[in-house]
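A, B, C, D and E are the chain letters, set down in written order, and residue numbers restart from 1 in every chain.
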Amino acid sequence: MRRLYAILIAAGFVYMMLSFLGVVPGYGNIDLCSRVSSSFLLKDVSEQNAKNWLMAKGLETKSIEKVYGEKNKEDGCANVVTSIVVNYRSFDTLGEVTVLFTAALGVGLILGGTRRKKYGLLPNFVFRESTRILVPLIILFGAYIFVHGHLTPGGGFPGGTIIAAAALLLYLADEEFFLSKVSTGALEGSMGGLYVIAGLLGLAIGGYFLYNFLPTGRVGNLISSGIVPIVYTFIGLKVGAELSGLITDLHSEEG
Amino acid sequence: MAITLISILALSVAVYFISKLSWKVGAVINALAGAYLMIYLFTLKVGSSEVLGTLFGEKLLLTYTNASFYFSFVSMLVILAVMVFAIKWLDSQKYPSAFNMFLLMMTAASLGVFFAGDLLTLYIFWEIAVLSSMLIVPMGKKEARRAAIIYAVMSATGTYMYLYASFMIYSRYGNFNLAEVAKDLANDPSMPFKVTVYLLLAAAGIAKSGIFPLHTWLRIAHGNAPDAFSAVLSGQLVKLGSYVLMLVTAFFPTLKMFQGLELYSKIPSPNYFLLALGATSIIVGTLMAIKQDDMKMLIAFSSVANGGYILVGIATMDAIGFEGGILHVFNHALAAAIIFMAFASVVYRTHTTKISEMGGLIHKMPITFISYLFAIISLAGIPPMSGFISKWMIYQALVRKGMFVTAFIAFFGSIGSFLYVFRPLAGVFLGQLPKKYKDVKEVPAIMWIPMVTLVAISFIMGVWPFPILKPIEAMRADFAISPSVKIADASNWLVRGVTGSWNPVIVFNLFIIGFAIAYLLYTLFPKPKKVDLLAPHKEEGAPINIYTGGEYIYTPDLYQYNTKMYAGFERMYEKHPSWEKVLDMLCKFFHDLGQLVHGWFFRPSPSAYAFWTVMTLLIVFWVRW
Amino acid sequence: MMTLAIAIPLIAAFLAAIRKSWGYILYAIAAILNFILSLSLIGAVPSIHALGGWKPPFGINLVLDNASFYAILFINAIFLIVAVFPDIIGKYATVMLVLMAAVNGFVLTGDLFNSFVFMEIISAAAVIIASKRENYYSAFKYLIFAGIAGSLYLIAVIFVYTQTGSLNMAQAAYFSFSQKSLVAITTLFLIGLGVEAKLFPLNGWVMGVYGGNDLAPVILSTAVTFSAMYMMGRLMITIFGGGVLQVLYVLALITMLAGELAALYQKNLLKTLAYSSIGQAGLVLAVLSKGKEPFTSLAYFQLMNEVTAKLVLFLVAGYLVYKYTNLNGIFKSHKVLGTAFSIASFSLVGFPLFAGFQSKLRIIMEAFKGGDYLLPALLLLATLIELTYLIRWNVRLWFEDQVEEGEKGSWRHGFVAIALAIFLVVIFFFPNIYLAPASKMADAITSVSGYINIVTSGLGGM
Amino acid sequence: MVYWISIILMGIGIYGLLTQKNLFKQLISLAIIDTAVNVFIIAAGYVEGGKAPIYTKALPSFLKGAFVDPLPQALVLTAIVIGVGVLALGAALLVRVKEKHKNLDVENMKGVGE
Amino acid sequence: MTGVYKAIFNLAIAFFFVLTLEGIGRKITARVQRRIGPPWYQSFIDVFKALSKHPFSNGWIFDFGVLMALGGAIATAAIVPMGSTFWTPFPNTDNFFVIMYLFAVGALGMAMGMVGSGNPWASIGVTRALTQMLGYELPYLIVLASMMFYYKTASIHLLIEKQAGGWNLLVMPIGAIVAFISLLGMLGKKPFDIAIAPAEIASGPMVELSGKYLGLLHIMHVFSIFVEITLFVDVFLGGGNFWWFLLKFLIVWILAVLISSVLPRFRIEQMLKFYWGVPLGLAFLNAFFVLMGWTL
């Protein structure tokens, strides 16, 4: 009987969402120029006349605009998504980082323990040996991901998770392995603090919180687009530390 | 006026801290403040008005009319007596300092109600009075906790209906001032508006003065409140309700307002509805009072009945009926105050309010007995005391209007009052004195002086009622009640009614002459030999334990006749429909509703929450799409 | 300057993550700094702050108009008051810091997606706070509720994005949506925000979270509820122009009655107060959903009164419930706490001499003037039910004969509670202390063009 | 088309929430709803025939229909991480709930009063 | 001053005339029970014998009660007009309600005194008397109220003048019947002597009275009989000059005695049910007629 009601309600919900879909423009045929992201792609946000954009009147659209390899554009990242994530809407990311920070903190408070929970199952030999080889590589790959955040897809968050995966691997491989919460906490806190300090520096120098005060360099180079790579490394390390801290908590039990 | 009221309110808070040091000093300050207020009443000039302050852009007005003088005088009389009474009585209480504070705060608030010139000020002071009295009630017995809650809720229902009506008026006429509202209501075209406003405003009065539908709190609150406070509660607080009822029926031009609705002998139907409620509360009050075994609950029900008399008096829309009703406010206030103070002194000594456990206290507490005797003579409405005058006037109005059913109920009420008034007299004071009260002493002087003074005042007003009738006549002139006939004819000592007049002084003199003749006859014939109820005769030498009727009694307590005194009569209305059960069912309904809401919507399982979220989404979608 | 209101608590939180022991001190410093900062912002009221230097429709901007100014002032004041109690906060100082940053951000932000992120932070932090004193199951239920609400809120944000082309609130306010899209968006937003604003069917979690421990009700029912009501006003009135107000009105009335009725049934003190806060939220929402000028300012005035009273009630209740098992007559040995509790409960009911009187009677008066006869009737009925259980509790706490031996009360609770209680009485005599800010807030929220002008004029600088 | 998938996923998530007795399964269905919403966001940003919005040597300049809308992708990045955060918290809470109430089945959890 | 002389004359007539009537009453009941019965002056002997004996007293409340009872009765007897305006001691104060309630003072005094004696018989008797009062008083008052409404006055001597045209007995026959039945209740004669009930509760309140008190109470009883019957005669039979009044008084008394000597005693509930059944119904019927104006 309950299932029948549940199906009915779920179907009702689906019907409702479908009828809401009428509002959203069809799948795929979106006119980018009517959206803000066109100027993100063209990296000419400062030129746009914000007032009549707000009034949704004047949308200057350029047809072709060479971006790659240009010198000190408004924002140097080749990967436009990263430019949005860390430069144009970096406040979101700051919020994002705090969510993860709260989650890790919360898990620490709820499950906080000082000793490693022993499950007593010995991983097989091949697994133990291969982790010793793989872990450095994984960490290197993770570091590569968040260092090249502004060039290649992926950035601080995927990089950090890869590092945390390495930590998880170590946990699985070895019963005795136990990361001390103090170290992960310190790393996490310092990286987060540095990120906010970078924002405050932007406020001090450029007059706006999280302002990109370093030169943006040439689009496509490794050292380009100001503080974006630096911030992404902070985020990468922070997320790595947090998630490994999270895994430690999940593996820990009362003292 | 405003400064005195606010300063008294401030003083009440100060009294709390003073009586923290020693409650005696606090009680004395209270009494002095009461005395000051009493004198202050006489210094005020009738008709003067002041602005208390502004609230939501409306001026809060305090006007001092004849009505406010009369009602404040009656309240101050009762409160002053209780304050003096409480000076010694408080040592038997657990919370003396809080008692002093809230009593003074309630005094100021009730004076505020009587002085209020507009609906909003009246509401403010009314709420303060309810709040402070609500916090004194729970200081009494175990059951008093529940009593306070029931009292709070019932007076709140009445007050919130009043508030609703006063804002309806405000949104229609734009001001709260009583005078203007009366004028606007008079020539307001829409009848349903006027009737609803009238009934809603009256609801506050009904709730407070314990008229039929909302009367159950009286029994519990009076029965369990601290004893001295139930004197104030039934003597003075109930009069707030009567004041509002008077405002609504007499001050507002109800005759002009309900032009077409004359139901019976020129009484408009809403007034007749209130009159009917008053009549029902007389019946309920009397019948229930006869049944009670707890003496305070008995007198509480008598307050219900007398509240009914006042309402019947006012609602007859007749000059003499109105005066009777208003005079009955004075009589009942004094009588109830004296009786409750007498009971307080009895409880002060015997620590029980059950009639069946007491008896023969007359030998130990003669003064309390005398004051109680005179109070019940006035309460039952027997000639030499003032109670008779007001009842006589109400009968005149009822007879003139030819309302025989109400007349029957009024007669039933007054004869019924003989019965229930006599029950504590016989049960508590007369008959055998149980052993455990052998060493009971009379109450200290500070406690019986206020009782005796109130008795004296009531007695004088009974013999020479004209000084108390003067302000009532003035009040009647203010409201211009229909046949403006001269009632209190002081020159030749006559109280004129519809069906002839009578002279209280001659009646009193006759009674005295009759008493004198009886005494003469008494002394002529041989002296009686004093026989104590039980004690052996010392003078005779040999201990002859002669009990009346020559029987030798081993267990005298058994012979005290105070349980189920009117068994014959009570058997007639054994299975009576109790209104309290109806109200308890109503509370139970709300309680179950709460349980249902809790069970249904706040069930512990998350899937229920998801269910409700999606359901709201679908409903809002279905409604708006 | 206004970003500091968010930056300071964040830095403090990260520092606290490094050294757990500094938690409470950092919290205290952050609270004081934040309060002073929000006071100093009075000069820069109608201004915006484009984050990262990018103009509003592109980047995220913080808007500081009258409404958000008084909101953050009030919220930071609450955080400062809570800072006085280290024993309640205990090891949750870092979470409180994050909560402070999130609530400030939630109120200041002018960007829809950013408000979603901050809402998620608030619910995450609230879940952790709710799990204090082993209250895990209710915290989990709250998490489920917040999760569903968050996803609906996110869908609504994306709908707005597909319509207006940008995530900015001012643009959404200016943009004229089609009837169908307005309905879709406002329904989803209503449910999204409804959970946090304790709307009727969505407030199942309140009993568990508020009734579960002593920290959660003090901070959640005051600061977070205030921000939720502010956001409800901002979204429903300024940006989407009252698309769903009638529905909100009906739901809010049901909330009011349901909350009061459920409270009538409760035996535990904290749970009763939790349900009464639902009732009060229902009242504020009902008045807010009228949308027009006199009502919105009265809604916020009532909200301010109610939050102050709730703060006192929950402080006293939280302190006592976890100190004694049987609460009969406990106020005899805690006289100061008792008086504060009674004054706050009388102010909630609306007795004269207390703040609640001013706001409730004005609401009734305006409702009558507006020709609405239903709201006053239901309000008075709800107040009557509220009177019953509050008086029942007051009488039980004061006058029942004491069962447990009462130890010495903590001076902190006593001082703060009695100070707030006296403040409530002062508001009765000088209502403008709360009424003026409330009406300024209401003006800022109801005037859509004002909001857009602030954002556009703010651009002048760039 | 992708919209349909995301909505049906949401329907499944809701169905899961409504019928599942075990708390962990409810948490998982919550995660399903989160992923459904993320899919919806990505679908909102898709441009017909558009490529990933990264400038490379092969795709140096901005063409009219060349790129997919980058903003939803940035938003989804945050939304995913929020989903993870909520999931982690939920899991931690459930560990404690299992400890305290002995089992995760809604009906017979010990110690869950009214 | 003439009022006071008239009052004293009232009392004298009340004392001597009613005592002889009581003697005659005893004679009639005896004749009904086919025995000779005591001489007509027997009541005088009883009173004077009782007054001369040494009584017992149970405390000051017992004496005060008796005195108050007698005082009240004397005061009421003094006011009541005897048959015509000439014989009204205080013309402007003989309002019906005043008399009825002044009468109550006497009753209350007696009740208080008797319960003060501490004997349970007395208390039971008093409660019965009060319940009985509840019974007979109401129909009586309703009838009187309707009469006042009809004649627009309550003072007895004016009522007498208004009856010049036709006795009230004929104008409102139903009212008269009801009044007579409640008169029986008031007199406390046989069918309604539940309060005194010699068989059940040893003469009820009188149980503790001995010697002088018994005499005084007897006198009080005499005065109350005088008041009750005079009221009935004035209001329903038109009063008339002095001798006519005494004749009517005698007739009413003989009628009451005849009825009482034949009927057995009611129980309390029976009495109340009886009074609140037929008489009350008739009283309301009479009030209805008066309201409609269909009096004869």
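Simple rule for what comes next: contacts are C-beta pairs under 8 Å (C-beta built on N, C-alpha and C of every residue); 3 or more make two chains touch, one makes a residue touch a chain.
Bear in mind that the values here come from a model prediction, so they are computed numbers and not experimental data.
Common partners of chain B and chain E, by the touch rule above, are absent. Annotation: A-C is the more contact-rich of the chain pairs A-C and C-D, by number of C-beta pairs in contact. Each chain gets a centre from the mean of its Cα atoms; the one farthest from the centre of chain E is A. Distance from the centre of chain B peaks at A, each centre being the average of the chain's Cα atoms. If you average the CA atoms of chain B and of chain D, the two centres end up 69 Å from each other. Per-chain CA centroids place chain A at a distance of 108 Å from chain E. Chain A and chain B have centres, each the mean of its CA atoms, that are 76 Å apart.
Chain centres here are Cα averages; for chain A and chain D they lie 16 Å apart.
For chain B, the set of residues that touch two or more other chains comprises 598, 604, 606, 610-611, 614-615, 617, 621, 625. For chain D, residues touching at least two other chains, in rising order: 10, 14, 17-19, 23, 26, 44, 71, 75, 78, 82, 85-86, 89, 93, 96, 112. In chain A, the residues that reach two or more other chains under the touch definition are 9, 13, 17, 24, 30, 35-36, 40, 89, 92, 95-96, 99, 102-103, 106, 110. Shown are all chain pairs that touch, namely A-B, A-C, A-D, B-C, B-D, B-E, C-D. Chain contact summary for the complex, chain B toward chain C: residues 55-56, 123-125, 127-128, 131, 134, 138-139, 144-145, 148-149, 152-153, 156-157, 160, 163-164, 167-168, 170-171, 590-591, 593-595, 597-598, 601-604, 606, 608-610, 612-613, 615-617, 620-621, 623-625. Within the complex, the chain A residues that touch chain D are 2-3, 5-7, 9-11, 13-14, 17-18, 21, 24, 27-30, 32, 35-37, 40-42, 62-69, 78-81, 84-85, 89, 92-93, 95-96, 99-100, 102-104, 106-107, 110-111, 151-153, 155, 157, 219-220, 246, 249-250. Across the complex, chain D meets chain C through its residues 10, 17, 23, 26-27, 30, 33-34, 36-37, 40-41, 44, 71-72, 75, 78-79, 82, 85-86, 89-90, 93-94, 96-97, 100-101, 109, 112. Chain B makes touch with chain E in their complex at residues 360, 362-363, 369, 373, 377, 380-384, 388, 392, 395, 398-400, 402, 404, 407-408, 411-412, 415-416, 418-419, 422, 425-426, 430-432, 494, 497-503, 506-507, 510-519, 521-522, 524-533, 548-549, 559-561, 565-566, 568-569, 571-572. Residue ranges of chain C in contact with chain A, taken from their complex: 3, 7, 10-11, 13-18, 20, 49-60, 91-92, 94-95, 98, 101-102, 105, 109, 111, 113-114, 117-118, 120-121, 124-125, 127-128, 131, 136, 155, 159, 161-168, 170-171, 174-175, 178, 180-181, 184-185, 188, 452, 455-456, 459, 462.
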